[in-house]
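In what follows, structures are represented as C-alpha cells.
Common to both upcoming complexes is chain A, partnered first by chain B, then by chain C.
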Partner chain A sequence: MPSSLSAQNKNKRRQFPATVFWFSLGIVMEVCGSSSPTLREFGCEQNLLSRPDGSSSFVQGDTSVLAGVYGPAEVKVSKEIYDRATLEVVMQPKVGLPTVRERAREQCVRETCKASLLSTLHPRSSLTLVLQVVHDDGSLLSCFLNSACMALMDAGLPMSCLFAGVTCAIDTDGQVITDPNAAQEKESRALMTFAIDSTERRVMMSSTRGSFTVHELQQCIAVSQKASDKIFQFYRDSVRRRYSKTL
Partner chain B sequence: MQACFKDKVGDVLLPGDVFSFQMPESITDSKPEKVVCGPGLRRNGDEVLVCKSGILRHKQPNLYWIDSQQRRYVPGKGESVIGIITAKSGDIFKVDVGGSEQASLSYLAFEGATKRNRPNVQVGDLVYSQFIIANKDMEPELVCIDSCGRANGMGVFGAGGLLFKVSLGLVRRLLAPQSEIAKDLEKMFPFEIVVGMNGRVWVKSKTIQQTLIVANLLESCENMTAQQRQTLFRRVADGSI
Partner chain C sequence: MKHLLINLVSRGTEMNFVGFRSDVRTLDEPTWLTKNTMAAGFKTAEPLEYHRSFLKENCRPDGRELGEFRTTTLNIGSISTADGSALVKIGNTTVMCGIKGELANPPVDAPNKGYIVPNVDLPPLCSSRFRPGPPGERAQAASQFIADVIESSAVIQKEDLCIVKGKLCWVLYCDIMCLDFDGNLLDACLIALLAALKNARLPEVTVNKETEAPEVNLESRRSLNIHKHPVGASFIVFDDSIMIVDPTAEEESLSTATITVVTDEEERLCALHKPGGTSLSGEKLQNCISRATTRHKEVRKLIDKVIQSAKTPK
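Our next item is the complex of A and B:
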C-alpha cells in the first residue's frame, strides 16, 4: 500500500499543529448570526471516587473522561514553589503509555487550570490532577477541560473563575461543527479547542490544528463562547443537584 | 449591602460569582455597613468574589460563608483535630492531621508535663488537640492544653475504639450546636464519640458490633435527607437491620 501511505503523509504535512496560549484576549468577538450551536448530549457526576479529594466523570456523546484531584498535599522539595501550589496534570490514555500527544494535552489543561486556580492560597503544596480516558469519540481535549473543572470544584480548591472547553471543527464546505465526533474530526479541514472562562467569556487557551482564515478563527471563537453558556449553565445545575440534600 | 447577600442565602454558588455593591450616590450620610466573609468568599476592591462551590450560609448579625462538601482538610487556628503521631524528634512530635503539611506538637504542651515528667506518647498514638498556629506560610502547631494549662478533654486517646474518615461537611454538621444528626444518634445506645474538624471520627462503644453500626451510619448519613436518616436510625434502633 505505498500509494495510500504517501497520500497520508502528504495529508499530515499539510496539517501543521500549533498550540497557542492566550490569556485575557481583549478582542470583542462578533457574534455570528447562526442559531445557538449544537452540542452532543453531555453528563457529569461528581464525588464518585472514594480515595481522591475531588473527582468527576464527564461524558460528551460517546466521549468519556474520569478525573481525580489530590491536594493540597505534601510536595517534594525539588518541586516546591515557595509562594504557590505546584500543579501537576497526568493524563492516562485508554491503553498503553502516555505519548507526546498526551503530554501536549497535559500542558493545555495545566495552563488553563493554573490560570483559574488561586494557587497562592496554598503555598508549598502540591495539586495533582489525574485524567483518565474512558472512551474517545472526538472532542477529547474539551472533555478533559470540562472534567478537570468539575473535579477541581469538587475538591473545593479556591478558583477565580470556572472554565469550559469547546471543540469546533471546520469541514470541507467551510461549515463550523461544534463538539464534533471522531468521524467528523477526521473529515474536518481544521480543528480548534478553546477554553472559555465563566466571568467574561474570554479565551483562556486555544489549541488548533489545520489551516483556516482569521475570519474563520473569529467565527469559531464566537460560536464557542455561545456554546460555553450552555456548559456553564449545566455546571450550575449539576452542582445544585449535588447539594440538593443539604440545602 | 447586606440585602445583596441575603437574597442568595441558601442558594448554590459557583466560583466566579460576584457580589458587587453599587451604592446609590444620593445617600452619602449613611453609616458604612460591615460584613464578615468566611471561607469561600474573597474581597476584591469593592466586590466580593466566590471562590468555592457550595451553599451560601448566614449567621446573625453579619457573617457570611460558603458551606461546601470537601474532603481535604486545611488547618485553621483554634480548630480541634484528631492527629496521628508519626515521629518523635528531640522535644517535638510530628503529627499527621490530614493537611498538606505535618503539624508539630511540643512535649511540654500536655497537662502536667514538665522537662522532668515527659508525657507517655508513642509513634502511632492518636491525639485530640487544638491548633495554636495555623496559616498558609508556616508549619502548623498543635497543643493539648487550653490557655489555663488544663487538658480540657484533649490529650492521648485510650486503647480501643475505631477511627474513620468522613467528609468535612458532615463533620461540621455533626459539631454544629443542636445538631440533628448528633441528636438522632444519641437516642440509639450509649457510646463515646470524638469528632475532629479534620474529618476524622473516633467511636467506641460497649461492643465492636455497636461501634461498627455507628461508623456505618455516620458514613451513610452524608447523602441522606433528614427524613431518610430518621427512618434508617429508627430501623437500626428497633434491631431490624
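Our next item is the complex of A and C:
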C-alpha cells in the first residue's frame, strides 16, 4: 500500500473512530427473569472498512456478518429508476458461490431495506449493499438484517425507520427460543425470522420454515417485538456513544 | 359494475386530462368509446392514480372486489410423457407443472430418503419483463420458496421415495413453467405442484437379487402418498394500507408489499412469506390468514373435483 494512502486511512480513522461496543444481557436476564426474551450476546463495530461509504460488522453469539454500503453513486442506465435510487443487495457466503438460497435471502433483505430507505431523495442513483458471512452459527438472516441496518446508518443514508431482525425457533416441546444457534435451529420444529420496524414495532419481513399454528405465530411475533426493543436500544446506545466522542 | 367503472374513470380523466379530452371530443366517436380511450390513456400515464380511483370505491379495474380471487381452472394429466402433470390458470396467469421420476442413489447423510427437486422457470415467453439466459432473481426466489414449502409442509415424506435403503431411491423432478405471467405466480405454482403430485403415478421398481440391477415394471404404476395439502394465498399492500388478494402483474408492480400465506388442511401454517415491504399490524396478518384458510378449502375442493372427474371414464 502506498504510504500516502495508508496515512490517509489513519487520518480517517482518527476523525471517525471505529466504535466497538459490547452489550451483554447477562445482567438484564437476571433482573427480568424468564419473561423477557433472551438473546445471545451481541455486538457491533461500525466504520471498520475504509473503502465503502458505510460499513458494519454485527456479531450475535458466534454468528458474524460483515456489511458494506456503497452509494449514492452512478447507476447503470439499464437499472436506472427515474424517481428513486436503485438498491442492490449482494450476499457472499463463507465458502463457494452464492446459491439459490442466498438469492432468496437477498430479496428479503433488499425489500426490507427498500421499505425503510427514503430512496426517492436520491433519484437515478445506485445503492449497493454487500453482506459477507464471516461465520454462521444460526439466526443468520436476522444477523444480515441487523448488520445491514447498522451499515446503512453508518453510511448516513436517509431512512424512514430502523429495523431489527429477530429469529425465533419452536422446539419439539413447543418452547420458543429467540436467537437460536445452529444446533437449536436444526432440532427445532419451526423457525421464523422477522424484521421489526422501529416506529410501530410491526412486522416488515417474515420468512418461515416448518409448520406451526396461528397461535404459535402470534406468540413468536410478540416475542420478536419484545426482543427487538433490546436491539433498538442497543442501536441507540452505540450511536450515542460513537457520536459523543466526535461531537 | 360497468356503469360504475366508466363513472370512476371519467371522473379521473376530468382531473388529469383536461386538454387531452377536448382533443378527443372533436372526433365523432360514441361517448363510451371516447371514455375507454381516455381510460387507457389515464391508465398508462397515471397507473397509481388510476388504481386508487377504483380502490376508493372498494373495487378493482377488472371488476373484482378486494378479497376476490380470479377464476381458477385446473387441468391434470395434460403431459403424457411426464409421470404426472397439471396446468393451472388463475385469471390470465398460466402455470404448468410436470413431474418426472428418476432412479438415483440416496443421499449419504439420509440413506432412507429420496429427493424432491422443484424448479420454477420464467421463460421470456411468459412476460416481456423476463430476459433469456440464466434464471433471474424472481425465478430463483420462487424455486426456493417452493422447495421450502415442500420441506416445511411435508407434502410427501421423503422416506416414501426410498426403494432400497442406502442403495436406490426416487428423485422427483418437479418442473414448473410459467406460460403466461399476470401476477400471483406463487399461488399458481403451488396449486400446479400439488395437483401434479396427486396426478403422478410412479412405476413399480424391483431389484434383481442376482445382478442387483433395478428392474422397472412400467405396467403397474402406483400413485404417491400425499400427506399434506399446502395451498397458498397471496396478498399485496397498496398505498401502505389497502390489502388486495390475488394481484395481477400490474397491481404487483404498484404494490408496497407482498405476502404469501400457505396453509394445510389442519389449518396450520406452512409458510408466512413476506419479503420486506411496508410493515403490517398483527390484525392485518390475521385477516390474511383467515382468508388463506377459506381459499384452502376452495382450492382443495377444485383439486378433488378435477381428480375425481379424471378417474371416471367418459
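Of note:
Criterion: the second predicted complex is superposed on the first by the 213 of 247 C-alpha atoms of A that agree within 3 Å, B and C clash if a C-alpha of one lies under 4 Å from a C-alpha of the other, contacts with A are read in each partner's own complex, and residues count from 1 in each chain.
By our rule, a residue touches a chain if its C-beta (ideal position, glycine included) is under 8 Å from a C-beta of that chain, and two chains touch if they have at least 3 such contacts.
Note that the coordinates shown come from a computational prediction; the quantities given were computed from them, not determined experimentally.
In the three-chain model built by superposing on chain A, chain B and chain C fit together without any clash. In the superposition on chain A, A:Y243 makes contact with chain B only, while chain C stays out of contact range. When the two complexes are overlaid on their common chain A, residue A:A73 makes contact with chain B while staying clear of chain C. When both complexes are overlaid on chain A, the residue A:C108 reaches chain C alone and has no touch with chain B. By the touch criterion defined above, A:G156 reaches chain B but does not reach chain C.
When the two complexes are overlaid on their common chain A, residue A:L121 makes contact with chain B while staying clear of chain C.
By the document's definition of touching, of the two partners only chain B reaches A:D53; chain C does not.
After superposing the two complexes on chain A, the shortest C-alpha to C-alpha distance between chain B and chain C comes to 14 Å.
When the two complexes are laid over each other on chain A, chain A has residues 197 in contact with both chain B and chain C. Residue ranges on chain A touching chain C, taken from their complex, read 100-101, 103-104, 106-115, 190, 192, 195-197, 200, 202-214, 217-218, 221. By the touch criterion given at the top, residues 137, 140-141, 143-145, 147-148, 151-154, 228, 256-257, 259, 264, 267-282, 285-286, 289 of chain C touch chain A in their complex.
On the side of chain B, the complex with chain A involves touching residues 10, 12, 14-16, 18, 40, 42, 49, 51-55, 67-72, 74, 99-102, 136-137, 169, 173, 223-225. The residues of chain A lying in touch with chain B in their complex are 47, 52-54, 71-75, 116, 118, 121-126, 153-162, 197-199, 235-236, 239-240, 242-243, 245-247.
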